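Structures follow.
What follows is chain A paired twice: with chain B in the first complex and chain C in the second.
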Partner chain A sequence: MTAPTKEQVGGFLARQGIIVAFVLFMIGFSMANARFIDPDNIMGVIRSSAILGVMALGVTFVVISGNLDLSVGSMMSFSTIVVLDLHDKIGPTLAIPAMFALTLGLGAFIGFLVGYLKLNSLIVTLGMLSAIHGLTLTWSGGKNMDIADKEGTWFKVFGQGDALGIPVPILLFVLLAALLGIALAKTPFGRKVYAVGGNATAATFSGIRRARVVFICYLISAFCVATAGLIQASRSLGSQNTVGQGLELEVLAAVILGGASLLGGSGTIFKTVIGVLILGFIQNGLLLVGLQFYVQFVVTWVIIILAVWLDIAAKRGKLWSPIA
Partner chain B sequence: MSDRTPALRLEGIVKTFPGVRALDGVSFDVMPGEVHALMGENGAGKSTLMKVLGGIYQPDEGRIFVGEVPAVMTSPLEAKAKGIVFIHQELSLAEELSVAENIYLGELPRKRFGLVDWARLEQQTNAILAKLRVGFDAKTRVGDLSIANQQMVEIARALTVEAKAVIFDEPTASLTDAEKVVLFDVIAGLQAQGVGIIYISHRMEEIFKITDRISVLRDGSYRGTVKTAETDEESVTQLMIGRKLDLSRNEIHHALGDVALEVRGLSCADLYTDVSFEVRRGEVLGFYGLVGAGRTEIAETLFGLRDPSAGQILLDGRDTVIRSPAAAIALGISLVPEDRKGQGLVLGMNCRDNMTLPQVDDLRAGPFVAEGAEVAIFDQYRDRLDIRTPGWKQLAGNLSGGNQQKIVIGKWLSMHPNVLIVDEPTRGIDVGSKSEIHNLIRELAAQGYAVIVISSEMPEILHVSDRIVAMYSGRIMRTFTAEEVTEDKLIQAISGLTPENVA
Partner chain C sequence: MQPGTLSSFLKRGAIWAFIAAELVFFTVAGEFLSVSEKTFMDIDNMLLLFKQSAPIGIIAMGMTIIMVNGNIDLSVGAIYAISAIVLLDSLTWPVFAGLGDGVIPVAWGLALLSGVALGALNGLIVWKTGVDAFIVTLGSMLGYRGLVFMYNGEQPTSHLNWTLVDFAEAQWLGLHTSTWFLLGVTAAIWFLMNRTVHGRNAYAIGNNRSAAVNAGIRVGPHMMINFMIIGFLAALSAVVFYSESGSVNPNDGELYELWVITAVVLGGTKLTGGAGSIVSTFGGVLAIQLLRKGLTHIGADTETVNLVIGLILIAVLFLDRQLNVKGKEELKV
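Right, the complex of A and B next:
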């Protein structure tokens, strides 16, 4: 076997760069701190990734359809605050469906603007990030929200309970991932999501109602956000107004890390789950080697840049090129 | 002429794209002071050759000489610096800027501190405009000029460099007769200054009026150069299409069925006006006209992409309103669009999924897509249309143009439409696939489909149509039967002569 040329190495890195980087990270962290590969730690990472993961499932639909959703962090704060507030006012049995309905309403509004009015999704969801934050503060009056009877409520099962020996947040994540994964890969709707994201004009010329497909993608995203809010609220039983702040970027990082193209038309639920886990393990590893929690904000950004670069590099088969 | 050095010389230019040999050893030269016509059907390779000359494409083989110097052009800027100048059919001017600013865009004369030297700019511009003898000055806003005068601005822009060769691409497409006279004057002026001129046009009359020699391309290869004075239209046409025009083949070999689609007085804003026609089962109705005549817009209206402002669409005799492509498909109307890659296919999706896209809701096993049924459909149309692909998993973007078009055609045939509209069926497709697609269109008619074909290629429209609708500027000028149509009548009809004059 001859030694690979520089081009071959570059091409391999361009195509498999994320995996290579991840393996190097894992080896490095394991050597720096043996606790990193401890089963308890691994379970802990998965459990703490569940909220991010559930949100990333919905955003995967939006991204494959060729759009962005930067409002999910803000919307998750809204869901959390609303369900906590309503818990004491109308009881958990009514609070949960009421919170889902309100969150889906927000998703429908975004879906209407982006799908039917054809507004740019970056602008719409960036605006909604701010608008929903304002809505949340108005709802709570700016105060933290707490459940009065934290011991007695069955509501805590979603964030703190176990079923079949598995933490419920992980169970919800896995269930939703399976359901949405099948929906995306196997149903006519999933096929249309890929078509709309791959070439919206050609999809329209094939009789696909682009607006409706985009609308439903945002509904799915909102449903996932509501589920994430439910887990968050149930885990802490009290919350600040800003609990989901910044999550939109982490979610996007996970989706891109999984290999979905920001241009739309590619990606899968399975790959997004991998992306979520990679992100979770890297953040956990950084803490274990003794870096401050705050470092992860910088690292998340670096990962986004790396992922976007490698996404483009994979398409042209080179790490760098003078022309697009 | 042979004792002088050509202004521009091409030697064995070859350019291939995946699946297509766009240029196959093209050689010709232009003498200083000569007007040299470059002719060929659409898709013969003229545009590719111009892009090679303009530094947009690099040739795979062959050399270009400007004067005696070999020239390698890697960008349009470099081509211009070497004295190769293009006057394009489409104008590329900034309408809000003045004539002077447009002419010197990117190289405005400067004073100290980088400020624009307006006085010098005006003086330089007016000097050039004086040579062209035009009726406007440097300060005129370009948006206020007529199309013809805007073209003069383009020419003026070309003259700011010392041009060795000027290439005119269909310059008279949007000019009136009076404006043409001015243009020909300008060309004669350039000729007198010793500039070599390449003149691309489909209009025989102009070619024979102003050119010295004619070079012909067909299917990407060079078919020879003749002196204009020593040839005639028929010989040039024969060189272009490689045979005598055979108009006799369009006999209707099968019985026509009922009227599948009838359009009465259809209008759409300023795109087309008062359009009426009908197409029967078993018939191919051709739409011929210049680009922008409104043909594609009519197809888009029938496919639910545009709302008509007046008129009726009758399907099988029933008055119908078509609000969306989904509605059109449900009514049995299918459209193979003109832009295969932009409108016809999702290039990043595999062949099978592209083909079954319009019916994916109907191909179901419970809540899931019935992938077995999809593969069966793909296999059926792959065999029927002879689609060459390693398998259905191949991404549509990886296929050649001809095979891509067959995927799009297969997509719509598998819907068993009542009316099949095909817009520019063979644009940018190699010759082999071209004739396969032509035969397929005839076959479909024989099987009882009502087919509408839109094309800008005259041989194609003559070849496949039972009747031909000639359009000009949004109106139907005349409808010909295959028996009565001739090339001359068709050209006259799409050039805007009145129906009475044509007949």
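Right, the complex of A and C next:
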């Protein structure tokens, strides 16, 4: 067996670097604190990452198709508030589909603007971040939303329940990740998403309807947001209007950490899940070694920049950028 | 008529027409709906409008340069908070105790310096690593916010220096101190962008980077200087605002980046770089503040403001594209 060349090592690190970093990181924290690899702790981390994770799955589709979605945080607040409000008015059985329909409607609106009208996704979703926030506040009248009968409702199963010994939020996350992972990697639609994000012109000439693919990506994103809102609402059974504020950027950080390029055309569901877990375990690990929660912000900053930098450095074969 | 004149005229005048429309609408609607006795176009109300525009407006000038250059900066809100904390905290450092009120310029200097340093760090990373500015500043938005919390935990940092408050509340020729800062910054950045080599190069780099490189423009240092300018302006905005208020929460400045970008885009600056005008950004800042004030004036809930601004932003984007398509058709004829 010959020793791997420098290019092979670079290429391997470029493709799998984030997983290598994840493993090293886990080993490091486990040695610092034995409680870190306790199954209960690991389950707890995954459970608390589930909301962020579910949202990141949808945003992965949007990012691969070459667009951005900055509206997911405020959209998640919207679905949480709506489902909590409707829960007491029309009952959970109707409230959940109604909330999904409304959230998907918002997603369809964004998809229409970005897909069919070809407007810049950064500005559209920035505008929608603000607009949906206004919509949420109008809906709730600015007040916190609470379910009247917190003990008696079966609605809490999505956030607090267990099935087969596994918490339901984790089951939903895993189920959605598997479904969307297959849709992205193994179906014609998934290949179209990569094609549109990789080279929109070439995709159009190959007969792919870019507008429709982008539209569906935003629908998928909205569906994931609605699921996240459901978990959030069911876990707390009451909520502020700003529950999802700032999540859009954390979600994006997880997706980028997973190696998806903001230019589109690259990324996978599996790596996004790794990105989500890295963020979750960093937070947990830093808390366990006794640091304040905000130290994770600084660590996340360094990790994001290093991850993206090493990724593009490996692709161009040079560490420093060629910018004069 | 010259080809393209109509659409470029429409685009340049659009933001001012929009402001005029807002003024007329809120004045008329205010007659019927307003809860207060005062008219909307009241002179005091308008002076207050300028003052309230200052924090976002000062940063928006820096964001215009950054966006003309083809980059974006999401970390301005965090830089704003750090500089505010440095300002208020350094006023109380025992080292400077002997200076009396002489501590004020020192504290201002330190706060502005930290803004420049954080901006320079962003610029250096963008330049040397080649990572997209969106990702770099997304990261530093988190990282700098973490530094804010690490500096003083979750406690607010407060210190009132009355000399400073008097200065910040002063009015000269009828305008408040912060209004003068906004006007001064607007004039300075206008000069930089329209009358200096650096400004012209910023347009050139944003318009066509490889052409700029071929023309011998050093892209990296230019980007870094622009990030230092926006860091400086974010700090200046904080310094002006917190000299008066005297208390900063670790969450202050959150979502400022979104307000700033909204103002700049309303003013017609392109995200893709190469196009944008300081005067129009000034219009964009006023338009947003007018909208917030006007909606409150006619008794709309504050929550409506978010909804309206979001939809207007999207409408502007749509109209802008339609006008661009029109412009191209005019060129063909």
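We adopt the following convention: the second predicted complex is superposed on the first by the 281 of 324 C-alpha atoms of A that agree within 3 Å, B and C clash if a C-alpha of one lies under 4 Å from a C-alpha of the other, contacts with A are read in each partner's own complex, and residues count from 1 in each chain.
Just so it is clear, a contact is a pair of C-beta atoms (placed from the backbone, for glycine too) under 8 Å apart; a residue touches a chain by one contact, two chains touch by 3 or more.
Values in this document were obtained by computation on a predicted structure and should not be read as measured data.
When both complexes are overlaid on chain A, the residue A:L262 reaches chain C alone and has no touch with chain B.
Using the contact criterion defined above for the overlaid structures, shared-chain residue A:L252 touches chain C, although it does not reach chain B. Once the two complexes are laid over each other on the shared chain, residue contacts for A:Y194 go to chain B alone; chain C is not touched. Touch criterion not met for A:V72: it reaches neither chain B nor chain C.
After overlaying the two complexes on the shared chain, residue contacts for A:A202 are found with chain B alone; chain C is out of touch.
Shared-chain residue A:L52: touches no atom of chain B or chain C. When the two complexes are overlaid, the chain among chain B and chain C that reaches more residues of chain A is C. Interface of chain C with chain A (complex): residues 74, 125, 127-132, 134-136, 138-147, 149-150, 153, 213, 218-220, 223, 254-255, 258, 261-262, 265, 271, 301-314, 317-318, 321.
Per the touch definition, chain B reaches chain A in the complex via residues 303, 305, 324-326, 328-330, 335, 337, 342-349, 353, 357-358, 360-361, 363-364, 367-369, 411. By the touch criterion stated above, chain A contacts chain B in their complex at residues 186-188, 191-192, 194-195, 198-199, 201-209, 265-266. By the touch criterion given at the top, residues 113, 117-120, 122-124, 126-135, 137-138, 142, 245-246, 249-250, 252-253, 256, 262, 292, 294-302, 304-305, 308-309, 312-313, 316, 320-324 of chain A touch chain C in their complex.
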